[in-house]
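Below is a structure I'd like to ask you about.
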């Protein structure tokens, strides 16, 4: 007969507490996002409810042109610190858009192009140089990219193009594009390399050469992934702060030229939050801008994730 | 030895005679299963299984892949509870106590009904720590006791001589067959009464397999063993009773020699003669 | 048998084999060239950035630079306080983010079925957290940690007339803000590591009578350790580089003291670069210090990232090999 050992009975209480503790922590991300939502929006709500604040910054005053001076035509203007404070969001919106567009114009050809090369043309050796290089680019802190744009890129642009404003949308946009390239590259390259081998083999077996396989099979199949990369990159471009803060000139002007200085939503918050009085109109509007940024990037990222999820389903459906 | 048929129109059951040579006069039935249904979510995997597992005997579970034999094995020590979404109905008794309802913690069952897996799965720890793991998670702190039990378990698993001077080496330095015997030693360390083996030798070479089979023959003196195998020759060599599963149903259960020479059901015969599988 | 070009009018007899004339195929030389150009442009720009910073900053780097505080309005001296502040900030952040991130990953992997609503909800939250602009984290740090939590602590524990104790910019609030920002990084990395654990290992632990917590503590976490480490290092690298979240939650340009209490302010490398680059009265005079600081931050970031990637690739190789 085998003698039984005296085992310590398991503590159900400890298991229960342990599990609940882990679960509680697991909800941290969820609670965090809800709290961010709540607390940022909370400080912005007075735009809709507080009549004092609405004198200068009611919601339609933020959006539409206002007749700030009698007799002068209505216009948009962002001048929170002047005697007659003006809170139009349009100049900031335009600035954000300009910088982001330039960033995408720069990042999409480079990012997608490099991804296509890495996925479809490059040898294994080359790929092992390209991917770490992109990861290195991704690792550069945005403040360093802003520094580079401010000190070096601005001078180069000004001298080659003969610009009036040293810091402008183009300058910030290019640096922003550098920050976005890794996102576009990673998502697009991932999508292309995830195209099932069986699809490529099928095309090859029908006589297609490698480029034809890429063009006719891989690129179409990965297109949603490439699109998702672009969408997520755009989200990053819109939300990025330090680069535009340092390199865009921070002038809230309305112009069609990409060579003028701009001011983006994020840079506005960063530049002005330090000096506002807690609870003032300016403070409230800054939080309003923050809420808009939050909603906008939330929607963009949601869109990007949805596209990626659907792409994954499609690709997996084809194999299975 | 009860022989049961599961044809719907024929059912017979014989009272089993007391076996001469029983070392104790406890019930010869160690574990007893009645009307067990098992579900993975909506899909039913086991249908109305009932059988008795005899003390100090080797019971083999055979059948084609996917027939439910591993699933059934795992119901005996509540290992299916580690998979979310599963449901079991019916009764499993260990020495007359309901394994699911009379034991509050599954770990209390698992220290009495141990398990050895198909692919040997030693922990990324030393040989000693592998065998000691079960003792430590069950609260044994006495270092001398642990050392003694580890040595004893390695002896019982016929591994001691090969590892006695390298107990601190990583378990991965052992060969496949040695690792499996290590897993057996690890299971033996908590001193179970029943040992469940899920295709213990299927990943091993013939020599290691033979060693494991010899080991099983020795172990049954002190333990009750239930072994799942897809190798019928192995079942014939090693077991006293055999249960044949097919698509979640227990088709036939009886004395091994009888089942392999004169099976009652056609399906059993077809499987044994290799007509499918 | 008759062979005829596919372009000929079909006057073939039934049963004849018709040859198809294929056009010469493009081999994709132009696309290859264009995409290669894209790669090269990126590599060149990367080299220019790194090279410029290296050249501009290498002469400033010295032991004195790294160990002394700044002097003469950032025109001389060193950046030791910024290094100290960055390290202190990041340590606090790691203490906050790693346990929460690891537990989240464990919960998702071990406690909930992958298709449950809870899992999907948490994942959506993680994805969204990863996409929140860094300045919005700064706003949150101000509005929640400083105003709400800090202000709340002050009104509960301190007299009305004394100045704010916790309801002001402080290294603890900055660290917590960064912890939220880097939470997705730790979770993703830990989850990747958890996926490499073979279920048989967990089964073995359960079969020996181990409980879920024991299995997590003794088997799962040790096995996932490389991934947890990778995630932590990547979080540190990210946290050391982000400026917007700490601008209003505790970072300062010049402090005569080092942060020793949780509610102290602190100097920090990234913030220092920002202020020095945009607000120096004499750009040329502060340039050496500025370039030196940028170089230090860059080197720090690169070392951290390289270590993390090395650990991760070794972990992936192990998974493939075993």
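Going in written order, the chains are labelled A, B and C, and every chain counts its residues from 1.
The rule is simple: a contact is a pair of C-beta atoms (placed from the backbone, for glycine too) under 8 Å apart; a residue touches a chain by one contact, two chains touch by 3 or more.
All values reported here derive from a predicted model rather than from experimental measurement.
Across the two candidate interfaces, A-C and B-C, the one carrying more C-beta contacts is A-C.
When chain centres are taken as C-alpha averages, the shortest distance to the whole-protein C-alpha average belongs to C. Distances between chain centres, each the mean of the C-alpha atoms, put B farthest from chain C. Centre-to-centre, using mean CA coordinates, chain A is 56 Å away from chain B. Averaging C-alpha coordinates per chain places the centre of chain A 15 Å away from that of chain C.
The centroid of the Cα atoms in chain B and the matching centroid in chain C are 48 Å apart.
Shared interface positions of chain A, i.e. residues touching 2 or more other chains, are given as 7, 10.
For chain B, the set of residues that touch two or more other chains comprises 105, 107-108, 111, 138, 190.
Listed for chain C are residues 209, 211, each touching two or more other chains. Residues 113, 198, 200-211, 214, 218-219, 222-223 of chain C are the ones that touch chain B when the two sit in their complex. Across the interface of their complex, chain A is touched by residues 22, 25-28, 31-32, 34-39, 41-43, 45-46, 48-49, 52-53, 99-100, 103-104, 106-108, 111, 121-122, 125-140, 142-144, 147-148, 180, 183-184, 187, 209, 211-213, 237, 240-244, 247-248, 270, 273-274, 277-278, 290, 294, 297-298, 301-302, 305, 309 of chain C. Every residue of chain B that touches chain C in the complex is listed here, in rising order: 77, 79, 82, 84-85, 105-108, 110-111, 114-115, 117, 119, 121-124, 133-134, 137-138, 183, 186-187, 190.
Contact residues of chain A toward chain C in the complex are 7, 10, 14-15, 18-19, 21-23, 25-30, 32-36, 39-40, 42-43, 109-114, 116-118, 120-122, 130, 132-137, 139-148, 150-152, 178, 181, 207-212, 214-215, 232, 235, 238-242, 245-246, 266, 269-270, 273-274, 278, 286-287, 290, 293-294, 297-298, 300-302, 305.
Note for the complex: chain A touches chain B at residues 1-5, 7-10, 12.
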